[in-house]
Amino acid sequence: MRKASVGVFKLTSCSGCINELIYALVKHPELLKLIEVKYFTELQDVNELTELDVAVIEGSSIRGEHEEVLKKIRGLSKVLISMGTCATLGGVQSLRVGVDVNEVKKYVYPSPEYVDAYSDVKAVSELVQVDLSLRGCPVNGDALASIIKKIVVGGWPVEVYESLCAECKRAGIECVVVTKGIPCLGPIVSAGCGALCPSFGRGCYGCYGIKDKDIDVGKVFEMGEALEKLGLSKEDFHSLLKGYSMSLVKSLKT
Amino acid sequence: MLAKPLTPLPAVVTGVIDEAPLVKTIYVALRDFPEPAPGQFNMVYARGLGEVPISVSDAFRRGDRLVIAHTVRSVGAVTKHLTTFIEVGSQVGIRGPYGRGWPLEGMEGMDVLIVGGGIGLAPLRPIIRYVEARRDSFGRLFILYGARTPHDLIYKHELGKYTEIPNSVVKVSIDKPYEGWTGYVGFVTDLIDRIDLDPSRTTAYVCGPEVMMKVAVRRLASRGLKADKMFLSLERRMRCGMGVCGTCQFGHYFVCKDGPVFSYDELMNYLWVDGI
Amino acid sequence: MSAILTRVEGEGEVQLIIREGSLIGVEVKITEPPRFFEYLVKGRRVIDVPDIVSRICGICGVSYILTAVRAFEKGLGIEPLEEVEEVRLAILGAERVKSHILHSYYLHLPDFFNTGSLPELVDRNPLLFNHASRVLLWSRKAMEVLGGRFHNVVNVRIGGIYGFPKLDNVVKLLKEMPSVFNSFKYMANAVLSLENIAMDEQRLKLMAVYDGSKYPCIAESIYVSYGSRERAVPVSDFEKIVRCEQVNYSNALRYKLIEGLEYVVGPLARFNIGYRHLSGESKDMLNSYGWRPPLKNVFQSIIARVAETLDTLIYLRDFLENYREPSGSPACEKLEPKPGTYIAATEAPRGVLYHRYEVDDYGRVRYSNIVTPTAQNQASMEAVIMSALEGGALSREKAVEIAQRVIRAFDPCISCSVHSIRVEFRSIDDAK
Amino acid sequence: MIFMMYEGSVRDVGKLLSMLSSLLNLKVVGLKYVNKSFTYGELGSIEELPLSVEDVQAPSSYKLVEEGASARFRHSFPSLKYFLYPPAQEVLYIDKDFGLREAKVDYGNIALFGIKPCDLYSMRVLDGILMNRDPYYTSARSSVKVVVVEECVKPSNVCFCGSVGTGPGVSSGFDVAFARLSNGVVVFKSGSSIGADLLKRLNVKKAGDRTVAEYGEAMGEALKSTKVLPELNALTNALEKSINNVELWNKVSKKCVACSNCNMVCPTCFCTEFFDEAELDGSARRLKKWHGCLSYSYGLVAGGHFRPKLYMRYRHFILHKFLFYPRQVGLIGCVGCGRCITWCPLGVDIRETLWEVFKSVG
């Protein structure tokens, strides 16, 4: 079998998903024999931007250059994967969206004029066509390995869209909302983490992002109402949505 | 009950035919596999990826083996794999045959009307084989078939031969004008109005996209066909093929075991309800 | 001339400024885009801060969480149960193991084996890879059992933790410990017996969070060693003993001691300052290979990392062996933030991590200042590169390679440092 | 059917439990309450049953209170299907040469102990779908040799078994049933020859007239409190008529966010999805997991969707229980346990939905 050429690129992010990818490679070193890593600065010294079978993008775009780079990568890649919540939905840096970036710069930097960033934070899919979106802050390394394996053997993951609650119930975890009145975003958040927070008796704060197929403004509003009764203010609920689901929040307007 | 109801039988691919863009027919040869009836389907398994329900588009004996044809269109993860990576000699898994096929026994003497849209011709082809093999037992054979473009027609090599079947009428349409196409342009359901139909002695077998089947039902009804003489083959998400996974439910039917073929009068209460 | 930094966490560049054939300056630039974390926590509830700042770093999020948690708990007079604190320290320990193995093996070690990539190193020494992987994969399991996941752990909160780890999971972890120690020792042997680690003395000023009672980790004092003298100040005075400066060539925020001297934080500093607190087993292991404090050169940081990893593994073993699932509440239920200033410092894997938060009358963050280890090391990085290259007639490629190695020895965590460093984006094209 | 009734105490319930293992050599399985959490599993002793806690249930709210001897526990979120049809199972391993290895389910011989009438009924419903078709369910279900039911003398706020005829008492499909009256007396009845034999060996006395009367009164009260829905025939007629009423279904599903908690806790929801795990050597694993009809994937196919709107999936959930199940297996598919009400994080109440439909088109 010809080795699949792979490039791993980072935009605005913490490298956490890249570390999950490294974990996946460490856990399954046989993967390294089936792929040819062309670009991956965290792993190797010699990197070239060339035609790729698979491009993996971590992080979101916060300025024009990111968009150019992304378009270039898209043009060179057969398959483009957005890895993690930042790349797929915007990520935690989106918490600043809605405020003029000059305000933000002034707040953090003594010389704001040197900082290049626009007011928006854009998910990869807002800029180029994405073939596969993986959520998670961070993305789950085991799920990542499973998907890479399928792609390497010539397949494609069969996606199932469901709420975190489905995983929570299947795992036999007692619902924190119903039994303890703890605010939990699980009902509107995409499954994928294995109901991590509820397994520690804590409410989901939405780091896999809200569902993108069956949620509209009305449903988000209903959820907000329910959470408010449990003590999570609208403002704080919106922050959680912004922080982990920004690109969907944008598309929810109307 | 099968001894191993959820376990596919390993099968070697013996032939692959390019039918149309994204569409291939995959032949597998199996020993000890029940002979499928026209309209039944198998679950085809691509190892490590998943299973998909695929209609049997042909089945015949070769020596001690049963050769089964599955016509697959690349739309999802598994079908994409089947149409891209599977070649002669590849291994797949097969479970089946499942479901209730086309009612043919008891229809002797009737005219047979086949209406197929796109890849929907695949499950109808065994009817043609069946009637051809028992030509004297049936009345006229109408084959109405349509696709988006001439390229999207499947069984191209065979379509011409259908006209050679005695007492048959074959009409083929494409949706929009296409350079070089001299046949009918329009929807396949339009052709229903262009044949000499005797509603009192016709059984209609319809398969295609659900919208097309709905139009066909209306047209056929307007031509005087009774609801119990129209048969439709439905598509749904299917995971088990035998009524346990629940994902193919349509009203109270399990499409996999109660169907996939239904008479229109069985469906009447559900077919027009969006998303039932 | 400049080169993209590789095998570091995050994205950066090193620029060597050469005039008339001689090196006149070094710039370590961070090309990582800013995320404005201080702004992201502005207006947020105190309880939400730890999960947000965790995302500053993809390797050492627990350090961020715990520093924030520590700041608020201290300021609000919350004292979590001892069992709770032990769980949190165990999570921090698991993170230290993960970070050190990741850095030492996956990023740094290829330098000593003269390979440019991890896959090459794996090819060349599969046994070493297997052993390092076993330790790393175990640290992942430990983080999952104790904290929920490999990073951005979900089990730490202000006032305690969310849930006690399940005993049967702890037992499973413990069962694997002997083979983890075994693997670690194989890896430690490979590192400690390296013969190409630089030995020359660099006269480094060192800083750590240290109060004299235990190996630097979490404490109320900041300790600075100037080589010949030393001083300790309360954590709350941290901003008085350092100064934040900008240099004209990059406008990067960097930190120096108030006297204008660059300083080093991280494993090397901790090791030299806290050596006496290391366990006998760790000391014996080092001594048997001839390593003794003080370590004099940043390339020897890898020795300190090995020592710390062993010490942390011993801590974790003790914790796991003595763990009983407590029946008490894992956290104090009431959290009523008051207006005021909240400060804490801890030792992240890369060194001193300092947080200061101002909370308003509504219990929301009004202002914050987060000083990361990499920001503090940056001046030293440049100085060390400068001295390593001074006077030598090196080819440009060699010079860049040495500069890269120095930076990797520091283990810069670029994604964490960026929020306080001016950013200059270099497109991938230019880098080619 | 008239049952012979006996009376005893909670001690006799314990004795019955140990008889099942000592005498009949059965593994006794029930809803265990250990370390403050519920799971189905083998019961070591009666102490592991939730006998001194009471569940206080309401839409989106579940609290357990310690009530001592007067506590009457009804249910928590795990229904019997957690045991008979587990949430996730590996079903097949395919090696690199396409050799197949099937997972086996072997539960041994089992007595179900202390299950409630609603859950007993759910087993009949699941049998109708899965028995002799799904090999794993068939195997697990066939291992059940004896069923001991606890009748509900004190249904909860969300219980409506009386409305659908599945409880609070039982009249068939069990071996022994017992009811703990408020005065501490436990009434036993047998529903099979095995049950009769067990009660004989248990040596409990025939119930006195007063006990019989108290039992009758308590069960009557319980039945009354759970009759909260419109009459079933009228209700199903209304549902039939509502099928095309998109506006109505949008209205009743307004609060629903498609989280599928109701599917997961419903004792008669059985839908499953298959997943494959690929290994690089060519081998693979196949897993089966519960999948809810409220989830977006339900009805999704490559290239299209048969239930793209949420109201369609919610409507299917309701219609399946009341209209489709009777046509599929001849039994009503809703057992009236109310779990979907309690465990809906947004408090969607199936009783309200049914009334709304009934009033709108009934």
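Read from first to last, the chains carry the letters A, B, C and D; within each, the first residue is number 1.
By our rule, contacts are C-beta pairs under 8 Å (C-beta built on N, C-alpha and C of every residue); 3 or more make two chains touch, one makes a residue touch a chain.
No experiment lies behind these values; they were computed from the predicted model shown.
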Q | Geometric centre: closest chain by C-alpha means | A | A
Q: For chain A and chain B, let me know how many angstrom lie between their CA-based centres, rounded off.
A: 41
Q | Distance between chain centroids, defined by C-alpha means - chain A, chain C (Å) | A | 25
Q: Report, in whole Å, the distance between the mean C-alpha point of chain B and the mean C-alpha point of chain C.
A: 63
Q: Could you give the separation in Å between the centres of chain C and chain D, each centre being the mean of its C-alpha atoms?
A: 52
Q: Could you tell me which residues belong to chain D and also touch two or more other chains?
A: 273, 275-279, 282, 291, 297, 300
(Q) If I count partner chains per residue in chain A, which residues reach a count of at least 2? (A) 149-150, 153, 155, 158-159
Q: If two chains touch, include that pair; go through all of them.
A: A-B, A-C, A-D, B-D
Q) Can you list the residues on chain C that touch chain A in the complex? A) 4-11, 33-40, 42, 44-45, 48, 51-52, 55-59, 61, 102, 106-107, 116-120, 122, 129, 133, 136-137, 140, 148-152, 154-155, 157, 161-163, 246, 251, 253, 330, 404, 415-416, 419-420, 422-425, 427-429, 432
Q: State the interface residues of chain B toward chain A in the complex, per the touch definition above.
A: 46, 48-50, 76-78, 80-81, 84-85
Q) Which positions of chain A touch chain D when the two form their complex? A) 28, 30-31, 34, 146, 149-150, 152-153, 155, 158-166, 169-172, 174-175, 177-179, 181, 184, 186-188, 211, 213-215, 218-219, 222-223, 226
Q | List of chain D residues in touch with chain A within their complex | A | 37-39, 60-63, 76-78, 82, 87-88, 254-261, 263-265, 273, 275-282, 289-292, 295-297, 300, 310, 342-343, 345-347
Q) Quick one: in the complex, what on chain B touches chain D? A) 1, 4-8, 10, 47-51, 75-77, 79, 91, 93, 235-237, 239-240, 242-247, 249-252, 254, 269, 272-276
